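Order as written gives the chain letters A, B and C; numbering starts at 1 within each chain.
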Amino acid sequence: MIVLFTDYGIYDPYVGQLKARLATEAPGQLVVDLLHAAPDFNAHAGAHLLAAFAPTFPPGSVFLAVVDPGVGTARHGVVVMAGGRWFVAPDNGLASILVARHADSKVWRIDWLPVALSSTFHGRDVFAVIAAEIARGEFPAAKLSECAKLEVEFEAGDLARVIYIDHFGNAFTGIRAQTVPVTSRVAANHSEFMHAEAFALCDKGKGFWFSNSVGLLELAVNRGHAASQFGLSVGTPVQVQKPY
Amino acid sequence: MIVLFTDYGIYDPYVGQLKARLATEAPGQLVVDLLHAAPDFNAHAGAHLLAAFAPTFPPGSVFLAVVDPGVGTARHGVVVMAGGRWFVAPDNGLASILVARHADSKVWRIDWLPVALSSTFHGRDVFAVIAAEIARGEFPAAKLSECAKLEVEFEAGDLARVIYIDHFGNAFTGIRAQTVPVTSRVAANHSEFMHAEAFALCDKGKGFWFSNSVGLLELAVNRGHAASQFGLSVGTPVQVQKPY
Amino acid sequence: MIVLFTDYGIYDPYVGQLKARLATEAPGQLVVDLLHAAPDFNAHAGAHLLAAFAPTFPPGSVFLAVVDPGVGTARHGVVVMAGGRWFVAPDNGLASILVARHADSKVWRIDWLPVALSSTFHGRDVFAVIAAEIARGEFPAAKLSECAKLEVEFEAGDLARVIYIDHFGNAFTGIRAQTVPVTSRVAANHSEFMHAEAFALCDKGKGFWFSNSVGLLELAVNRGHAASQFGLSVGTPVQVQKPY
């Protein structure tokens, strides 16, 4: 399974070209769109999202992960193996949370460039080709060189900020909810959020937090738009005060 | 064929997780996105949309239908067979128009819950698994119990309201157009709409109604945005006065 | 491979119905979404986009191209072979740039109409069926008649206007960049754009132009939204003054 995680948007003709390239290079492989609305230009938020979503896909999945404002500059592309899954991405930190959190991580730098290379669409011209080869079971060793580590690494702990707003207005944070007791005080932008297990168990219009379906602390409102109501956007800091 | 009908949105990482689950549980099954912009939290509008669209898919298709503001509460999930097609949905009325309109309808309640169950994503954790089993041809009888009827039922007649606005600004109503003579007076929000067969046959900027491609009465404007021009939104009442 | 190029939008239930029809008529064929946000009602911009994107897909691909404000009127449907690829489209100019630019072009008019024909969704009812037959390798000669030329033809040269705005705010023009020296003066809406090879090589907030991944001259801003910043929209004229 090849899983797409990009900021290419869903309106635009980029994903289709990517899929055409994948279909040519790895015919018959299932391609799943995970997210094409990763926060634009924001590899840091993207890195935390990718780390949270990856475990919901089968081991052996190949992720094509592109949030790449540095495309066309000297930044490298990398292949990462972490947690039994593969990631093909720019070396701008996007895969770094995954690498840091998995003991089995391995990193390879992509040395290869195709003859026909656009300056702005390495997702199609480089990463898709590499991902297709891995998905076919033909590891492209000749195009890669193993590295001790990534060039760009983000801090591997939780990110206490909003990292994604979904279309319901719910705000994902980069905080793993497992470590947050339900009696903690959670706040963002001067508003407090109580814990609730499910949307319908919370009063209409009242902010609450819960452990979402990928294990992140998420801020929401029952039948309301939390981001608008509380002024949350990607990057908004989130405060968690655990009980004594 | 597994057909997806949800309010998960197309931007967000929910559909991708659903598809990964379906691919794991029913490898090789075609999955078609019908609609991920079903009106949020609105099972009533969704029920009329689903009933109108279902017949355009082949008999035997399995619909995974999720508009589910009650997720995480005591509401049940159901499996419905109606008109030769399968529907897996929450028991909140979403499948009730289909059940009422088909003489062959059967209803089963989903008794099963997986060990790993999120509180907010039963689409992925429960409904996708059941839908995949039906699509594989392995009816999951042990996870279901047959019921005489649904717990939540909407009135089976036409719904004389706007139930969907498409990106052109055209407004679907819950009125089946077959029963509406072309000389009827049709109005919404104090504006009248004449009948026309096709967009280009109507004056630019003038509102008209027609029988759309799934048989519903639809309000539109040639090369214009009917919803903005006439102040229509999901829920706006529509008046139809048939000729004597 | 069947490639979809439409103005059906990505929110709406049109693409899903199209895919269900394709799956019924051509089981097992890969269907790729290239673009469903082709400028509404604008066959001219669409024609230039389609001509630019087509070569990025494998020879033999079948494009289902629908930007069709005249649906339900007397306009014909056509099948076009150009550059080794197939196109099924309304005869409103949408395929005319492709025809004009390829020496091997052939044109057939679609004479066939199905018994069950909606007035507004010929994409599903007519074009999908024809495209599926071609994709299956069964050219539907009995439903077509060969023509010397299209009924509607746009001028085959470059279109010096904005033809698409992507979600980053970048503005595609209908100008093929290969013929534009990098020292040319490029302007739109009273703003000048310098040439740059890649986003990150340009100062933040400064407008620049580059040859995009399908060879069109594109206007952009590093980490900014060019369309908002410079007031660009589909149709905005673009001036190119080549150096002496």
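For this structure, a couple of remarks:
As a convention for this text, a contact is a pair of C-beta atoms (placed from the backbone, for glycine too) under 8 Å apart; a residue touches a chain by one contact, two chains touch by 3 or more.
Computed from a predicted model, the values in this text were never measured in an experiment.
In terms of inter-chain touching, the protein chains here all touch one another pairwise. Annotation, subunit A versus subunit B: rotation angle of 120 degrees from the Cα superposition, expressed as a multiple of 5.
Chain centres here are Cα averages; for subunit A and subunit C they lie 31 Å apart. Residues of subunit C in contact with at least two other chains: 10. Taken together, the subunit A residues at the contact with subunit C in this complex read 9-17, 19-20, 23-24, 40-41, 69-73, 118-121, 124-125. Only residues 1, 3-4, 10, 30, 32-37, 49, 53, 56-58, 61, 166-168, 197-201, 210-213, 223 of subunit A touch subunit B when the two sit together in their complex.
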